[in-house]
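Here come two complexes built around subunit A, the first alongside subunit B, the second alongside subunit C.
Moving on to the complex of A and B:
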């Protein structure tokens, strides 16, 4: 396989499917395996670019999420019966605040439930971090369907904010180090958080502006009414798509928010495509191909998701009981699905820079 | 020793991703390891008395008629300041019907294994859930308190009914009225509980350990069922199947059976977990090796 960058859409499909697996389960064994699979693929197939180091940042964010979830459970969480570990002072709230509790006994069961939920969010973050560090945000922007050009600035900011934040944080850290200040620890982190966020948003908006000034998302000589109609349709379509895809990924959502919302969103986007510039033809400079490796990577992710759906239908192994506490079962089908999701580490072509770093001969040739 | 340990740690400065994987692993193993808690049972006094110091009598009404389980009122002697959920667990262990099932949010899902699946699910008729009532005042009051933090006092009457409703105070209360007659008369002297007269019940003693679910009907024939268990019918309101059960049964045999069964199935799970942990650690080592190799 000649070294090249995989189509970013394939990585995103794989990562979203893996994140959907994580959303379907609270089984800590499977969640840890999901994080490990994402990490393995990232380590094997990331290019040597600034944002490819972002996976560790997302893991760190996941740890913070777990810690915050545990602290909130201890302080404000619903008091759950079980084996009490310790008690913190309890505040008696008036009758209208029934259901809210501050303080009280803290049980293993409640802590484990909080840990499972935090771990689930951490796994979703790890999947998102894997996609961010595996593919270039700029290539992803190029590969987006032209319908989304109407929401140009928002889409650009959405796709480039996380990688820009990684680049900005590295620069802020280097700047602090050059000035002889600490670049590690809580104080350094709190002092650099604001400049990092501000810088990342600035860069993303600047990128969007420069792309806009070069004609990204322009439709040429389209009448105002047509443009407004297509923008409105794109807005409706995007919101419906977001709701529908969330509903599809989260098994607990009402049925109306699943397929119907997705269908409505797709219909609105197709309407926008038709009403806008159907005659408008666009060219792409050196488009990324979608061939066998792209298919295999995205199918690997979807197979993992299907295995989770099957396991979810078969029993409750995906949601181990925390009350009473039980040893989580390890469903073999789900583990096999995740092993298949690990295959992109070999199925995807090696990125060019990684190969040149390992074997100097390739560069010479 | 500690200092040299931290020093080596600092010197090594392992890659962050590897540390995260190790931390997750430790978290997982320790978390699951804590998980097995033994159920403790105190010796129960008879509800007809005499009560020891620090003991209170509480009646717990469970109405599962909508699930085909009948309704029952159980008088229990518990330590003062017992919580509502402890009372439920006590009832389950004394009747041998198993402990109640809770969801991860803390919502009570099932009493006596009913319903077998689901937890507060929503359907066309509203929410299907166990509604919590308090009947100490003589009429059922919809309780919007947390059974885990609610402390009981002597003479309290607690009620649970499986309802289908909006989840507010309008949901129907248990069909056994919260009357004082649910408490048997206190006996001042020390007659043994089994000598209490057994009245002919109006129906089958539904509160007897007829374990739902997979454990089968072996329980009623077990020695546990022979121990003091008095059913007496009470004319209480509009209910059809009423049985008040005063139980001080020691269901030791059944508990032992349940625990042995659970450890048996747990070994398989531990093997599975160990396999996945080995897989994850192999991957972690491999990933660390790969980052080392490709690092410029």
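Moving on to the complex of A and C:
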């Protein structure tokens, strides 16, 4: 296969499907498998650009999330009966704060439940990290439908802030070392938070200025009314899409928030495309092709998601009980689904290497 | 083409306007140079051309800026993209894509250029700027100079009638700078594009300029005129103009060619003067401070350094020169322990820098990075100094004392961001110097400095060497090398290709020779100051 970059949309479909798998389960075995699958694909198929090294940062963030979740459980968590590991002093709160408890006995059941939930969030973060490492935010930005350009600077900043923060943090760490400050450890991390955020925001705004002065988001001679209408439709569409996808991912939400919301969102976006998109005269230089590898990568993700849906229908293997605590069962179908989700490590084309002579944008004809 | 009418720009929270009542006009097809001391508002003026100031910076713009008949108050920058292309000071900050070709095509995609036209224009620009070999490379793997050329190319592809460039050659080695400037003059002469350019390294651009806009700063009004008019009395002038003033030539020469054609008699007169009359007394060298032996470094598959064997002694100022991407910054990063050598060894004061803790490494080696601002992140100068003392475990006030010595008169309540470029560099240098590292490294310290600030830096560096530091500067600025360096190391493709006394290395190099050396070759004169000394000796001899 000619080395080239996969269409960013394919990576995002794959990663979002994998994240949806993670959201449907609290089974620690499956969650660890999801993180492993994401990691393996990233290691095999990332390109040689700065963002591709951000996966480790997302894993670290996941660890922090798990730790925070555990600490919260110990301090404020709902007191679950069971095997008490240790007790911390209980604070009696006044009547109006009923339902909130501070301190008390800490049971292994409550800790395991918290650990599973933290792990689920960490797995979602790993999937997001995989998407960022596998295709740069810039490429995603370029692949977005033109109606979203109305959001202009906000979209740019939103898409590039996290990766810029990772680049900025590397720079701040080096600068700390040059000043003779500790460049590792908790104190170094907390002290560099502000410069990192400041630096990342500065970079994101500078980028937005550069994009704007090179014509990003221009609409030509669009009448104000048309412009307003398409902005309104985009907003409605995005909110409906967000609600709908959340509804799909969270099995407990009302039926109205699932398919109907999704349909409404897509309809609104198509409406925006039709009303405003016709006047947008953007063209593409070597458009990213959507051919066999793109199909197989996105299908691999969707198959994994389907396997999780099937397992969820069949029993409760996806949500192992923590009270009473039991060894989580490993559903074979879900594992098979994850094996398929790992296939992109071979199905996707290798990214062009720094020294290769072929063009990265060349279409695999 | 570009018309400023009574423009006054005031940033939010600023008590005085950055620019006051600026009026001038640049006709079509001119190359117009904006000069002024650092912090005088040149960047603000440039960014006002397409409305980035005040739309992205905040603040108030009174008066009007009209470009190709469009007022910037009526058009956002995006609708001016095919009229004016703007290249900022830090090219990497403006990159929108990851690969060279995509970056070049980006503006055309936004403008809706037909794909077949895009392909052709991308090829044209690749050739015009000598980028064709880099077309597939990730932007992050390019050196600073290559990035600068891609940034220029990325706005050129939109086919603008006006180009605005903020210090386009400050990060480039002399040869790459020549390439960029040659491309710019070609655009002006063949295509009639109007170019507005700000640059501190006047020696590089003055000869190409049709018109000069002088921004004096401090709210004084701008002066516009031809180069000869402006440099009659301007405080900032390139060496060749200063030489012309010294020798009393009229009209003032603006290029090496002009000067060399009238310099014959002077050359004759000075030909019998011995080198030691005008050269600096040789500094006595002290102990070996740092050594590298067979040092190798690699970034992924790219080899950055191939077997470097060097020795740095106390009391010398060493200039590290070479093409963009030759490995200068990599070598400095290794010497200060930011990177671990792939193979080979580095010893700084007997220790391997990458194995030392942050607190110990600053006592043996200090690096002022290319963008010295990254070292600063406190609210006031005083807080920076106090933090520096705390970090390095020094007596309170040490850094402040160093700062007073290097840049006297910096207000301790000022925000580091509000300091001038030169003062900020001075502050970063003081922080690094406070723990008295025997090995002092500076990466491109003269970037963004005007002649006055450079002169002060040169004096500081000479003093530091006299105090027993080994001072290494990685720089493209041949004039600074001529003024301060004792020894010059030239790197190419990660190897040392020349290492010797600065005068021997630079005088006969067509690329690294300073202007004065080119005018007087084969005489080994490097700076205007040396010519002055030689002239004095010659007149003494004849009387």
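Here is the rule we go by: the second predicted complex is superposed on the first by the 349 of 365 C-alpha atoms of A that agree within 3 Å, B and C clash if a C-alpha of one lies under 4 Å from a C-alpha of the other, contacts with A are read in each partner's own complex, and residues count from 1 in each chain.
Basically, a residue touches a chain if its C-beta (ideal position, glycine included) is under 8 Å from a C-beta of that chain, and two chains touch if they have at least 3 such contacts.
Computed from a prediction, not measured in an experiment: that's the story for all the values here.
> Contacts for A:78 in the overlay, against subunit B (first) and subunit C (second): which applies, first, second, both or neither?
Only subunit B is touched by A:78; subunit C is not.
> Contact-wise, after the overlay, does A:263 reach subunit B, subunit C, both or neither (first, second, both, neither)?
In the superposition, A:263 touches no partner, neither subunit B nor subunit C.
> Touching A:314, do we find subunit B (first), subunit C (second), both, or neither?
A:314 sits against neither subunit B nor subunit C.
> Give one of first, second, both or neither to describe whether A:324 is in contact with subunit B, with subunit C, with both, or with none.
first
> Looking at the overlay, what does A:44 touch: subunit B (first), subunit C (second), both, or neither?
In the superposition, A:44 touches subunit B alone.
> Using the superposition on chain A described above, determine whether A:104 touches subunit B (first), subunit C (second), both, or neither.
A:104 contacts subunit B only, not subunit C.
> Find the residues of subunit A that appear in the contact set with subunit B and again in the contact set with subunit C.
Of subunit A, residues 48, 354, 357-358 contact subunit B in one complex and subunit C in the other.
> Spell out the part of subunit A that touches subunit C in their complex, as residue ranges.
Touch list, subunit A to subunit C: 47-51, 136, 138-139, 141-142, 171-172, 174-183, 194-195, 198, 203, 205-218, 281-286, 352-361.
> In their complex, what parts of subunit B are in touch with subunit A?
Within the complex, subunit B touches subunit A at residues 15-17, 20-21, 23-25, 27-28, 31-32, 34-37, 83, 85-86, 89, 99, 101-106, 144-149, 266, 269-270, 272-273, 275-277, 279-280, 283-284, 286-287, 290-291, 293-294, 296.
> Where on subunit A is subunit B touching in the complex?
Contact set of subunit A toward subunit B: 26, 28-29, 32-33, 35-37, 39-40, 43-44, 48, 55-56, 59-60, 62-63, 78-83, 90, 95, 98-99, 101, 104-105, 108-110, 112-113, 115-117, 119, 319, 321-330, 332, 335, 342, 354, 357-358.
> Hey, which residues of subunit C end up touching subunit A in the complex?
Interface residues on subunit C, with respect to subunit A: 50, 52, 56, 76-82, 84-86, 88, 90, 93-99, 101-102, 105-115, 118-119, 122, 135-138, 140-141, 154-155, 158, 300-302, 336-338, 357-359, 361-363, 366-367, 369, 374-375, 377, 387-388, 391-392, 431-432, 435.
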